[in-house]
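Structure below; questions to follow.
Chain nomenclature is as follows: A, B and C, assigned in order of appearance, with residue numbering initiated at 1 for each chain independently.
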Amino acid sequence: MHAPDGFLNVGTAVATGALSLGLLGMAARQAGDELADKQIPLAGLSAAFIFAGQMVNFPVAAGTSGHLLGGALAAVLLGPRLGALVVAIVVFVQALVFADGGLTALGYNTLNMAIVPAFGGYACYTFFRRFLPANRSGVVGATGLAAMLSVVLSAVAFSLQWLFGATAPVAFDDVFGAMVGVHLLIGIGEGVISALVVSAVLAARPDLVFGARDLPKADLVGEARVPARVFVAGALVASLLVATVVAQFASGDPDGLETVAEEQGFAESGRDHALDSSIFADYATQGVDNEALSLAIAGVGGTLLTLVVGFGVFRAVGSTSGRRLT
Amino acid sequence: MGAGHTHDLHVPGDSIVHRTAPEAKLVAAFVFVLAVAVTPRREVWAFAGYAVLAVVWVVASGIGPRRTITRLAVILPFITFAFFLPFIGGGDTTDVAGFELSTEGLWGTWNVLTKAVLGATTSIVLASTTPVPEIVRGLERLRMPRLVTGIISFMFRYLGVITAELGRMRTAMIARGHDPRWLWQAKPIASSAGAMFVRSYERGERVHAAMLARGFRGTMPTFDDRRAEPTDWLRAALIPALAVSLALGGLLT
Amino acid sequence: MTDILEVSGLSFAYPNGHAVLDDLDLRLASGERVALLGPNGAGKTTLALHLNGIHRADAGSIRVAGIELDDDTLTEIRRRVGMVFQDADDQLFMPTVAEDVGFGPANLGLSGAERDARVAEALSMVGAEGFGPRSPHHLSGGEKRRIALATVLAMRPDLVVMDEPTSGLDPAGRRELSDLLAGLDHAQLLITHDLPFALEVCPRSVIVSQGRVVADGVTAELLADTELLAAHRLELPFGFDPSFLTGRSAA
């Protein structure tokens, strides 16, 4: 998701830049109050960890590999404020020094890769914690689900920015459907890996996990009972469900968000709906009368298709440039 | 370890670009990329001008075309996306080799492609001619908060230490026959990443102690006595100034 | 002459309740080189971290050059006590050697030519002239250790404390370090379980075990006391000739 220069229009770049700067400034101040003079070395080392963590290849399927994005993981380990700051700095350095993501795209890249996954992911984390047991399994499970959703949230954020800042005539619905679909799959890997990493940290130094600070140490020891295989299966089911919902949403006509954007005069090139000419055109399946049912089938089918295509892409590029797939 | 990121993108040299002060180069890079970004996509002649300027930059910095092109590979995923635009875009169509392609989609591809390549080339020239500590120093001179430059500086100092440790863990796993192929076999790698976090954090605490022991009280001292000379700014301004005139030309027509 | 370091009645427990130092007393005269010996977990590193106020004692006091360590004297004490950490990578955190060596002087308020002079002086004391522009990451273990020493010498300390200075060094690097330390005028407290190294560099040794000083005397005599060593999990290397010790302690 390291978008290059010129991916969204200048207005969006400037607006997201200002928003990111403001939010990070606040995050830095608050994290600074907490860490005092420890902030620079701890944040620096954590940034190095996230950077290195993004370079680690994890197995995905049949020997192909992917890598971590790390926004939600950073938030659970370091807290949303320091987490967002650290990942944002990683994103900034990647653009400046590694040509990975455009300099003028920093506003939306920071928002989508650091701020949204850290704060959004942490919000999901606290939400799931409520329904999960207050112990190590609860922390690990909530991390996995939150990390998965954080990736989807980034995709949603990107789609919304596309709504305002599109540079090509691809409708919001299409971008939204495709982005969310693909990122549901990426999210499964992100969720599993983040959960396992947090589980390993809990085993060694439970006091270092920001998101588990509310729990007494005694509740954090012991094996976390969330087998990875079960998690993958659960996440697949969850993503199929979300896809069904997305399909319903994407078919809404007239599209609520886009109408708002047009009324506000924001939508420039995203205007042409052009649903008919699009390969993701209208999620409804032919020949099924019940509209909701047909949409559901379309959503599930779309997810499976994405799975197959994604798998093919992983196979093709995964081994050489797994790090770049998002 | 993934492809791409190594820690030393800097290509030692003594070119005119290498010798220019980092803050001047940083400003030049940002202005150039900004000029490119605001240029309307249909001003093809302006992009031709930018391309000439970018080539001049690469040649003047002596980093060589092959290295530049190899490093440009980081933008490939997005370029791939851009090539779909003519097929999924709506609106009027143009006939290209028998295909009915969206005209706006084609312009979209052109837009993303040119801007992404020009933007990435700029970063590559910057990073290849400026060692990281110098980039950090340049940012500091441009008044980026010391907190952020401090974090960046620590990040680079320990990135190599951490990746080396991760590499050793990985070697140890492979040496014991670990060859995961599916996501649910990722636990050992994820656990080593978790252990890595603990080690990194603890190192952060020890580094903090080492800083305190030498009188640190919360603000990083600056080691910067040199400032960019007017000649630095003049040298660095040449290419962005031309780019800005191209952009203005493009915006006004 | 007053002692450069006076530690008395020092007790300390980590926040997790682990009591590590227990009523510990230790004195060093100025210019004296003392080895602090003890098994793993004895509390040596913890003691060192007290000497310049990284950890603060639960009970007892620390005086450096007659100045009692408290909130007001913390900065002064940190200048006077130069602490070299066990892992040089923890100590060398700046992008270049020159900036690392200049970090302490900069925190003392020095800048410009004055600071550069300090850096040059410290680098030449450890025989590392010309290392200034290099990146600490790319130095050898022995070089890192010497630069780490330079980072504290640049603050012109009265007392240098080194934690496990020989760990990870090859024999030649160890040799260079012992020559270097023997040539410095500073009082030194060298934490180690490298007994031959202690014998080489330090006329006097102190054995710490379970947070207390259990022996204090001439290094060669302590090392000749096999029962004492065994009681505190200290061992001379295989093949080390004990008669060498008796010769030294008689002299």
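Convention: contacts are C-beta pairs under 8 Å (C-beta built on N, C-alpha and C of every residue); 3 or more make two chains touch, one makes a residue touch a chain.
Predicted, not measured: the structure shown is a model, and the values here were computed from it.
Distance from the centre of chain C peaks at A, each centre being the average of the chain's Cα atoms. Contact tally for B-C versus A-B: the pair with more C-beta pairs in contact is A-B. Centrality annotation: B (chain centre taken as mean Cα position, compared with the mean over all protein Cα atoms). Rounded to whole angstrom units, the spacing between the C-alpha centres of chain A and chain C is 48. Our note on geometry: chain B versus chain C, Cα centroid distance of 43 Å, whole angstroms. In terms of their C-alpha centroids, the spacing between chain A and chain B amounts to 22 Å. Within chain B, contacts with two or more other chains are made by residues 132, 153-154, 156-158, 161, 203, 207, 211-212, 216-217. Annotation for chain A: residues touching 2 or more other chains are 41. Counting partner chains per residue, chain C has residues 93 touching two or more of them.
Against chain A, the residues of chain B that register as touching in their complex are 1-5, 9, 29-30, 33-34, 36-38, 41, 71-78, 85, 87-91, 102, 104-105, 107-109, 111-112, 114-116, 118-124, 126-127, 132, 135, 145, 147-148, 150-159, 161-163, 166, 180-187, 189-198, 200-205, 207-208, 211-212, 216-218, 220.
Across the interface of their complex, chain C is touched by residues 132-133, 136, 153-154, 156-158, 160-161, 203, 206-207, 209-217, 221-223, 225 of chain B.
Looking at the complex, you find that chain A touches chain B at residues 2-7, 10, 13, 28, 32, 36-49, 51-63, 67-68, 77, 85-86, 89-90, 92-93, 95-100, 102-105, 167-171, 174, 188-189, 192-193, 196-201, 203-205, 208, 227-229, 232, 269, 272-280, 320-326. Residues 49, 52-54, 75, 78-79, 81-83, 85, 87, 89-91, 93-96, 98-99, 102-104, 106-108, 112, 135-137, 151-152, 155 of chain C are the ones touching chain B in the complex.
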